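Read through the structure below, which is laid out as structure tokens, and then see the notes.
Letters A, B, C and D mark the chains as written, and numbering starts fresh at 1 in each.
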């Protein structure tokens, strides 16, 4: 079992938890050491996986999933621990490990109870990594839940502001989504073998059977898409996002916006679209409307917020709406764009939240009206914030541009007027994004210093620099050299597009 | 056609059951209530005899009328206070009780009368076809583990009783 | 052709940006300045080599049978959207990109040199040079773009560089808001550009300029006659693409950012907001010219927008106080001139006109000369501001004695822009007007009038600054000419402004690469010179000596003056739309809706659950009898139901 | 005149009704227990009657009644122990005083 590289993505966080369990709460250095070693190991593992994956693809191995493995877990229901990755999952693993790595450094001085914080943090990572490596929808769902539950404690204990309320809201809304999801997944399971064979949870097997009856597909598609859509902050199920992010501690915001929200997009893509292609063809329009609304709506809402985290939470609604929007366009280019957008948004929001955490740690306020001219006081953080802002508003050379453009050009391939109108509405968001980003930058970083007390504040410490530089390098890397990502993932869409097209006939 | 003796006995038990159970729940004095209950239990025991279950009737009289009643009486004496007002019932409660009991009785009795199954055979015919159950049969049934034999529940009841003894002791001991 | 030089042309500025941007904090100012100037000097030399090689080498790659060719030096894949729709990053050499290489590097080098003197003592000197390098990189990337998407990429990058440079004095709220405004307005225009690219690329299935412009009829055919809301799809695409150009080139109604952009350091205004970036729109139209020619509606649209803008900006410039704003409006007006010139050009012979592509050539010619003399004027204005520490002409007057070099060079600039022989502006303006008259007399007459206005407001400013009356403040603080780093570029640019008109421009730049021999259209030239001289004379009468005439004229039409001074209230209209409508109504109401409807619904579910729990909690009263009563009631009801069902 | 099973069932129903009435109305815990016994007895009687009339050959009803009696004994014992304990704790056996088990 352990000869499969993918299993290690779950094993390392478990080791991390075990290691943390041995540390004492007061022994900060030991805790940090465990975290740094394990998160570096994860990062290394994912980079290695990525290289190996590209090598295998380069050798002409064109299986849908590589590094597959399957171990029986619960026989009566045919549940396996089945793992396997394609290009998309590889990139998602890479993203997650980068963010876990950066998150470790961003929460270098977390208090109180650092050990417990990192324990939950590691559990959260376990869920995230487990989700991305699974190809058995039951274990996938299990890991999904594993990733969600720690959020409650992480926000409720280490958060700020109305943390209990927010933690409760976030957890309940996401659990509500999970309930829908569970229904959908069970439905898929019970219809996975219409001819009377062995029922299965395995994504590949279900898609090969390709035979869920259309009337069931409609219902299950709605369930699964809404279920994952809640996590993907789809309008109107997005309201957990502003409150949840606003109250969460830095690393949790990073991981949540950076990775957890991607579970939604990934799930929609891997389960809702892939397994239920006919419904995807016919019901996409409903969700195109909803996600189209998300994009514009999130952007407009962000324009008038005054809390830094709220701004970013709404901007996440807008950007994540773009992900789901692109997925629903059901063509290769738009889906590539969606994956790029997931990566881009993951890195960029993580950077944003890290910076906001650092700024908040110094000024003790997140209200942009009470800050100003911080560029003068903390130039490093200011410049990083501007870079994050530029990435968000789609400056060429940073990741946001590539992702958005791929989405727009992909979405525009659909010649239908309905799609066209929504694509054009979605493109409008680039202007609104510019408006709110520049508004924040203008108020927060530029202009005269608002508060005399801020003059005494210090710029970033080394661990903060380390965390931000990692993220910025990734953002710029994707932005300057996007084509390798296209090459990594292009194989992965073939089965999905084929399923959708054959269903359309 | 049942014998006149049976019918007379039946009427005695039926009237006793109805009358004493009514009195048991309406009397204010708790000790009297217990006494009326005793009569009801005895009547039921007689009914068992009449139906041909001598052993059951004996058990009913021994355990209920003998054992449980003693417990009741002891309990009443232990918890009795001279000017106890708990016998008084306010009209609200009474209305509730009458409604519930009445509606239950009405529904059940109507149901009984509408069930054709229940109007058939006479007691005589049943006694002839079934006859009495001997102690030997009962003994075999309670100590065997075949079909229609009850070793397992019997043992379970034993354990339950043991548990009750221990529980009763534990509860009553602590002040 | 060797690809080393072209790569270096792009690589040096971006490297310089990274070096100065990341390492600038650790560097001394001198070091940063020298590095920046050296880097740009090298780039300029390389760009000259490349451009001159292109024009003069006679290499069959560049010129075949006397016709100049478009040549892609390199073109590498950057991002593949689909099999055929591939974004490349490349380097296209053709007459206009070579021209732009020269213009950009020349002006940029002048500005680098000038800034060394001008920005001395400013905080963030290193940052300034870093941004200048970034801008130069982006602008060079824009002009050498081989495909429209590459152009869009660099288009956005120049936008950001412009944002950063306008907001250079980031502690001033006015600079911050000006930079924000510039970015957002151009971003809005870029949205049109993007949608235009989306439409165009969908039908043509390519981004490449050469593919599109070499076969414009193919582009037209590829749309298959598709229409949307009455206009053909191609018209929509081309008009939307032009919208991008309108934003960058500050055409009405998207011009409002440019005057505010003057909050940036003056050399930046010279480089970005006068000479190079703002002509990107013109360059874009020139680049897509053959495709535009297939769409008459788009060409007419360009003409109309250009003509209105030219006149509007010229009128507003007459009523400004801030000299940089006068120059800004003059820039808008002149760019509009180029736009009209391109708009009237035609890629096929028309009857009665000796050369139909004249407007194209003239527009590019004017782009070139305008870049030179407008940069000169801005740098001159910078020298003035440097001397008197104010942007307003009210703080100046009579400066000719104190600042002779600035005076002479500024005068050269004014004469050039007014179109007086033998300055460069005369030649290019003459060609433009000739082209307009050739298309329709109305365009020619209209633009001649604008040219007259141009001469008037430029000399109004010139007289007010250098003549009028001496400002009493000079006694305390005597103004003097700028240091050599600043004067040298002025002198160089003045010489260029004087001579550039004699370049046989038609030999180098025409729309199809075939050389064209420029000759002066006497009737047009005489008319325009007469009008310009009259206008200068009028300005001289009104402003050369202190007199009450200007005040009288002003009080004659106070509303008109006020309206022109306030730029015909465009800013107020925009403020109203953005702040009151978009922010105040749309954004606020959406945010309100989110909190009080959507979120309240979600909270409402929680509240309903909670309320229900509290409400039914009473049943858990602790009274056993109540439980039993409920239980029995339930049982009775069930029994009743069962019974009713059985019978 | 035949003694059909209805004859036995009707008094049993009335006993049950009395039990219900007593259980719901009485306040004294012991009185409630007494009512409970009434209900139990009514059920026992039913078992036996059904056994006798419908399945005279077997003895399930009787066995069930027997067990019920045993359990009732146990239950009563425990209940009385609890009642005595409550009496010790609060000084009376009024059920309206015992409401701790709420919410």
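In this section, a residue touches a chain if its C-beta (ideal position, glycine included) is under 8 Å from a C-beta of that chain, and two chains touch if they have at least 3 such contacts.
Bear in mind the structure is a predicted one, so any value in this text is a computation, not a measurement.
S.K.: By C-alpha centroid distance to the whole-protein centroid, which chain wins?
M.R.: If we average C-alpha coordinates per chain, A lands closest to the whole-structure average.
S.K.: Centroid of chain C to centroid of chain D, CA atoms only: how many Å?
M.R.: 95
S.K.: For chain B and chain C, what's the span in angstrom between their mean Cα positions?
M.R.: Distance between chain centres: 101 Å.
S.K.: Quick check: how many Å separate the C-alpha centres of chain A and chain D?
M.R.: That pair's centroid distance is 63 Å.
S.K.: Using the average of all C-alpha atoms in each chain as its centre, how far is it in Å between chain A and chain B?
M.R.: Centres of chain A and chain B (C-alpha means) sit 68 Å apart.
S.K.: By the touch rule stated above, which residues of chain C touch at least two different other chains?
M.R.: 625, 629, 632
S.K.: At least two other chains touched by the same residue of chain B: list those residues.
M.R.: 93, 96, 100, 104, 108
S.K.: Mind pulling the chain A residues that touch 2 or more other chains?
M.R.: Residue numbers touching two or more other chains: none in chain A.
S.K.: Could you list each pair of chains that touch, in label order?
M.R.: A-C, B-C, B-D, C-D
S.K.: Show which residues of chain C lie in contact with chain D when the two form their complex.
M.R.: Touching chain D: residues 617, 620-625, 628-629, 632 of chain C.
S.K.: Quick check: in the complex, which residue numbers of chain D touch chain B?
M.R.: 1-22, 24-28, 30-31, 33-35, 37-38, 41, 44-45, 48-49, 52-54, 56-60, 62-63, 65-67, 69-78, 80-85, 87-88, 92-94
S.K.: Touching chain B in the complex: which residues of chain C?
M.R.: Checking each residue of chain C against chain B gives 625, 629, 632-633, 635-636, 639-640, 643, 647.
S.K.: Which chain B residues qualify as touching chain D in the complex?
M.R.: Residue list for chain B touching chain D: 1-2, 6-7, 10, 13-14, 17-18, 21-22, 24-25, 30, 33-34, 37, 40-41, 44, 47-48, 51-53, 55-56, 59-60, 63-64, 67-68, 71-72, 74-76, 78-79, 81, 84, 86-89, 93-94, 96-98, 100-102, 104-105, 108-109, 112-113, 117-124, 126-127, 129-131, 133, 137-138, 141-142, 148, 150, 153, 157, 160-161, 163-165, 167-169, 171-172, 174-175.
S.K.: Residue numbers of chain B touching chain C in their complex, please.
M.R.: On the chain B side, the touching residues are 93, 96, 100, 103-104, 107-108, 110-111, 114.
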